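Please read the structure below before turning to the comments.
As written, the chain order gives the labels A, B, C and D, with residue 1 at the start of each chain.
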Amino acid sequence: MGVEFTDTEFMICNAARLLEDYKTIFVGWGIPQVVAILAEKLYTPNIVQVFEFGSVGHQSRTPFLRGTMGGPTNTYRAIQWCSMNLAFSYAAAGYIDYGVLGAAQIDRYGNINSTMIGDDYNKPKVRFPGSGGGNEVASFCWKTIFVMAHEKRRFVERCDFITSPGHKMDGKTREEVGLARNSGPYRLITSKAMFDFDEETKELRLIGVLKGLTIEEVIDDMGFEPLVADDVVELEPPTQEELKLLREDIDPYGLIISKGAKFKVEI
Amino acid sequence: MGVEFTDTEFMICNAARLLEDYKTIFVGWGIPQVVAILAEKLYTPNIVQVFEFGSVGHQSRTPFLRGTMGGPTNTYRAIQWCSMNLAFSYAAAGYIDYGVLGAAQIDRYGNINSTMIGDDYNKPKVRFPGSGGGNEVASFCWKTIFVMAHEKRRFVERCDFITSPGHKMDGKTREEVGLARNSGPYRLITSKAMFDFDEETKELRLIGVLKGLTIEEVIDDMGFEPLVADDVVELEPPTQEELKLLREDIDPYGLIISKGAKFKVEI
Amino acid sequence: MDFIEIIERGEAEIHYIHPDDFREYVRDKKNREMKDKLMDEREAVKKFVSNGDYLAYDFSSLTRGPQSLIREIIRQRKKNLWVCAKFTLLETVLLSGAGCVDKIDVGFLGFGPYIARKVQNGEVKVYDWSNGSITYRLVAGAMGIPFIAARNLLGTDTLKHSGAVVVRCPFSNTPTALMPALNPDVAIIHVQEADIYGNARVYGPTVATLETAMASKKVIISAERIVETIEFRKNPLMTTLPYYLVDAVVHAPFGAYPGGTQGYYEMDSEHYLMLTSIADDNAMQKYLEEYVYSVDNHEEFLAKIGMDKLKQLIRKAEILEGYR
Amino acid sequence: MDFIEIIERGEAEIHYIHPDDFREYVRDKKNREMKDKLMDEREAVKKFVSNGDYLAYDFSSLTRGPQSLIREIIRQRKKNLWVCAKFTLLETVLLSGAGCVDKIDVGFLGFGPYIARKVQNGEVKVYDWSNGSITYRLVAGAMGIPFIAARNLLGTDTLKHSGAVVVRCPFSNTPTALMPALNPDVAIIHVQEADIYGNARVYGPTVATLETAMASKKVIISAERIVETIEFRKNPLMTTLPYYLVDAVVHAPFGAYPGGTQGYYEMDSEHYLMLTSIADDNAMQKYLEEYVYSVDNHEEFLAKIGMDKLKQLIRKAEILEGYR
C-alpha cells in the first residue's frame, strides 16, 4: 500500500507535527497559514496564531483562501485585531514562541535569503519579494521553523543576500550583532528531510529523512554537507488523516498543497 | 457700577479670550479645563480639546466635575479615545496648537517650576506634584499659555527647579537643547496682568494689566523686572456673561473659580 | 571611530532590565495557555506582589484606578516597593502612608501635603520624570526595545534628576533624549470587562493599559464584570489586553472605589475629600485602620461603605454611550 | 568625550525630513477646522499627489487596499514617485508598470516576475528594509521623534542595504538598530467608514493606518461609506483616524476592488489572477489601457467590471461579525 503526496504536503504535515499546543505562533502568508490550520485541527487545538498585519488568536475558517489573508475567513474570531507595530512588539518582547517562514536559500547557520540571487545587488539575476515580515519573525520569535523545497542550489555556503538572520552571520553570533539571546532558527523542514541546529556549533544538522530515502540521497541534493545526528529518524509521509483534511477541508482547490514534485512512499 | 471676581475667574476669562477657534488645545487638570469649557461656550465653539490620558475632541458636559477628569462628563462625545502615548504623539508631531498649564514659579524666559521649592533637591522646602504632563505640553505644543497667581515669590530669576522648558534654559535656546523649533511659551496670565515673550530676546514682557491697576503696582509684585511693551493694554475684568456662565453653568460649586483673592473693579 | 556624542546624562537610579532578561521571563513565566486565572485580591497580591517589587498601575484614583488591589497590597503590608507614579493621585499617598514604599518614579505625585512631607523628610526617595517620559519608557518596555528616543525633558532639571540620556541624533543632528525602557515587576490594572483567562476590555481613554501590561513581568487585573471569551472574539478590535499578558483576574465590582469606573459608577467625592484632607500620620493611620486593616477584604470594605452610598454612585453614572 | 559607538551604517539613500520641518508642515497645512473634504478620486489625486512624492499606502491589494486611488494616480500619469512598499502586493507592480515609480523602499515587493524584471533591469531602484522596520519608521514619524530603536535587521544584508544605523545602547550595552523616522509626502488609505471631515474607522486588523496617516504630510482616504460625525462621537474608541490628519475624503464603494473590504465584499480572484499573470510590458500596457487609461473614473471602472460580478463579491462577504 502506498501514499502519494506533494513536496508541499510533506513539508506542511511535518511542520504541523512539530508545533506545541498552548503556544503562540507567528504565521506568514501561504504555506505557514496551512501549517497552522492543520496543526490547529489535528494536533494543537489551542495554538495561538499571530499575523503580522495585526491579528492575534484568530480561528481561520476553511477552506483556506490564499488571497484574503487579512479577510474575514482567515482572521475569524480573533482575540485581538491590532496594528502591525503591536503584532511585532508582541514578538520583540518575547511573547511569540514559534515562527514559520519560507526561504529561497539557506546556509549552514540558518541564515535565509528571500531577497535576490546574484552577486550584484543592483543587478540581481533573480529578484524575490524581500523580507516582508520575515526578518522580524526570524529576529524575534523564540523558535523559527523554515520550510523550503529540497534543492541543491538552495543550500549555500553563504546566502547571496542574508535577508533574515540565522545563528551566525559572517562569523558573528546573534548576541554579538545584538539579536535577542536564545532565539533563532529551530528546524528546517524540506521536501526530503528535517534539520535542527547543533547546540554547540549552531550548524545545520540532519535529524530526519523522508521514509524511503537514504541520508546520502538527501545530502547529495544539498550544496554543502550538513552535520548528521547520531540517530537520524525516518520521517513519516503525510497520513491519510492529514491528507484528507488538507485536500478536502483546508485546501480543496489545491492553492498551496498542489505545489512541488509528487512523491509516492510505500507504507 | 462694579464687578466682583476672584483671581481665578480673572485668569480663566483672560485665558479663554486668548484662544483661537478651529485649533487644538492640550488641556491640563483643573483651571485649564474650565478655561477650555468657557472658551468653547463663549468664544471658540470649535476648539478641539485634548487630554493627556487619551481623549480628543470631547465636548465636556457642565457642571464641571473636578474629580472626574477621565470620567464620562468630561470626556463626553470625544472624537477619539486613545492612549496617553498617542495623545502626546499628536503633540510631539505638531498637531496640537495650544497648551494651558499652571505653575508654581516662572522665570523671565518662561521656564516653570511645578516640582519643588528649596535649594536641595533631596530635602525640598516644599514639594509639588512634579511635571505630570506639563513637561510634554511645554515641550511639544506650539503655543503654551501659563496661568499663575500674581505673587512676588513666584517670579524668580532662576526657578528652584525647571520642570518644564521656557524659551531659554540657563542660557541655552530651545533649539540648542533639542526642543522643537518655534514652539514654547506664548502668554503668561496672572491674577493681575498678561505677558508675552519678546520676539528677539524671548524675555517675559508685560502687555496688559488688570483695569484699575498700574504697571508699577503689577511690577512691584514681581520678583524681577519684566520687559514692558510700548502699548500695555487694560485687561477687562470678567464680563457679566462670563461670570454667569462660570458661576451658574460651568462651576456652580465653585470648585475651581472660588479660589484666590477677591477683586472688585469699577466698570 | 564612528560615534554619537552623549550630551547629557540624567543622574537618577533607574529600574532597568536588559530586554533579553525580560524576554526570557516572558518566555518562561507568561503562560500562553488559556487557563482560569480567577482569584480574589488576597490570593492575587499574595502570589504576584513581592516586597521590593517595582509596581506600576494605570489610570488614577479618580477614574478606573485599581483601588481594591492597592488596599490589598497595604493590607498585606508589602514593603520596599518602588512605585511608578504616573497620572496617579491618592494611590501613592496611601501606599506611602502605609509604609509600603521606598522609592517613587514621579510623573505626577498628587496630592496633598501628606506625601509632600514624606518626600521632604526623606522617608521616600523620588526620581523626577514626567507622565510623558514614563509612558515612553513603558512603550519601549512593551516593544522589547532597550530605549526610545523622545523630545521632551530636554533643557530641564527634570531631565537632570531623571535617568534619561541626551545624544545627538545621527539622522537629524538634533539633541534627542533617550528614555530607558521600563519593565515593572508587577502591574495592577482595573478594567470594565475581562474573561477568566485575562482577556480584557477597557472603555474610555486607555492611558497606558496595554503598554503597562505588556511591559510588566506580572500583571494583575481586576474587573467590574467577568464575561465569556466569545465576547472578545465577536469584536476583536475592542480587546485592550490579550490573555497571555495577564497572570491574575480578580472580579472586583466597585474595584475603583472611591474613584469611578465609566459606565458603572461615579467617584465618591465625600470619601475622596476625606482622603485628600489627611495631613498627618495620625489621620493616615486612622484611615488605614478603619478602611483597610480592620476589614478583611474588598467585599467587607464595600459593606462598610454601604449599599446606599454605592447605589447613589451607580445612580450618578447615567452616561453609557461609548461604554458598552 | 562621552559617546556612543556606531557599529554599522546602512548604505541606502533615505527619505528623511527633520522632525521640526514635519512639525511646521503640520502646523501650517493640516487644518484643525472640521471642513468638508469630500471630493472624487480625480480631484484628490490632482490636489494631493505630486510628481516626485514619497507615497505610502496601507494594507494590500488583497484586503482594504486603496485601489481606486492607485488607479487614479496611474490615470493622471504621476511620475518619479518613491514608493513605500510595505505589506503591499500588486499596487507597486501596477504603479511601476505605468512608469510612475523611480524608487521603492521594500518591505515586501510582491509579486510576480514582472516587477522582478524591472528591478533586475534597473528601471526601478530598490532599497531593502522589512515590513517591521518600515512600520517602526512610520511609528517614529508619527511620534514626532527623529528615530526609533529596534532589534530587527541586525546581522543581515537587509540592514546593509537599508538606511538603519547600529549603535551600542547606552543602557543595555547591546548593539541596537536605529530606524530613521519616515514621514511620507502622501498617504492613501482605504477605510470602511468616514465622515466628510476625515474622521475614519477601520474594521479588522489595522496594519499601520494610524501611524501612516499621522506621519504623512498629505493624506487621502477613500471610504466605502460616508457616515455622520455623531457615529464617531458615540463610540470614540473605534475612531482609527481623527479628521485633522486627513486632507481629502473620497467616497469610493468598491474602492479596494479587485481586493476585498471586510464587511462589504470579497476579493475578485479571477481579476486578481489576471493581474498576477502579467509577465511582460505588453500585457501590462494592455491591462492599464483597458482598465485604467480608457476609463474616466472609478464609477466607469466599476461599470466595466459589471454589477453581476460586484453582486457576487458582495454575496461572498457573509461574515459581518466584528465589522459593524
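Just so it is clear, contacts are C-beta pairs under 8 Å (C-beta built on N, C-alpha and C of every residue); 3 or more make two chains touch, one makes a residue touch a chain.
Please read these numbers as outputs of a predicted model, since none were measured by experiment.
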Joint neighbours of subunit B and subunit A, given as chain labels: C, D
Intersection of the contact lists for subunit B and subunit C: D
Maximum centroid distance from subunit D, chain identifier (CA atoms): B
Subunit B-subunit D separation of Cα centroids, rounded to whole Å: 40
Computed distance of Cα centres, subunit D from subunit C, in Å: 36
Approximate Å spacing (C-alpha centroids) for the pair subunit A, subunit D: 28
Set of subunit B residues in contact with two or more other chains: 55, 75, 77-78, 81-82, 85, 92, 140, 180
Residues of subunit C touching at least two other chains: 19-20, 144-145, 150-151, 174, 176, 204, 206, 210, 234, 236-237, 321-322
Overall pattern in which the protein chains touch one another (line/ring/star/complete/other): other
Every chain pair meeting the contact rule: A-C, A-D, B-C, B-D, C-D
Footprint of subunit C on subunit D - complex, ascending: 1-6, 9, 14, 16, 18-20, 140, 144-151, 165, 167, 169-172, 174, 176, 178, 180-181, 203-204, 206, 234-238, 321-322
Complex contacts: residues of subunit D adjacent to subunit A: 59-60, 62-64, 87, 106-111, 115-117, 119-120, 122, 126, 128-133, 135-136, 139, 150-158, 161, 166, 174-177, 204-211, 260, 262-263, 266-267, 269, 272, 317, 319, 321-323
Subunit B - residues contacting subunit C, complex: 51-55, 67-73, 75-78, 81-85, 88, 92, 111, 115, 121-136, 139-140, 159, 161-165, 169, 172, 174, 176-180
Complex interface listing, subunit B residues touching subunit D: 22-24, 46, 48, 55-59, 75, 77-82, 85-86, 89-95, 97, 140, 142, 180-183
Residues of subunit D touching subunit B in the complex: 19-20, 22-27, 30-34, 141-145, 199, 210, 214-215, 230, 232-234, 236-237, 239, 242-245
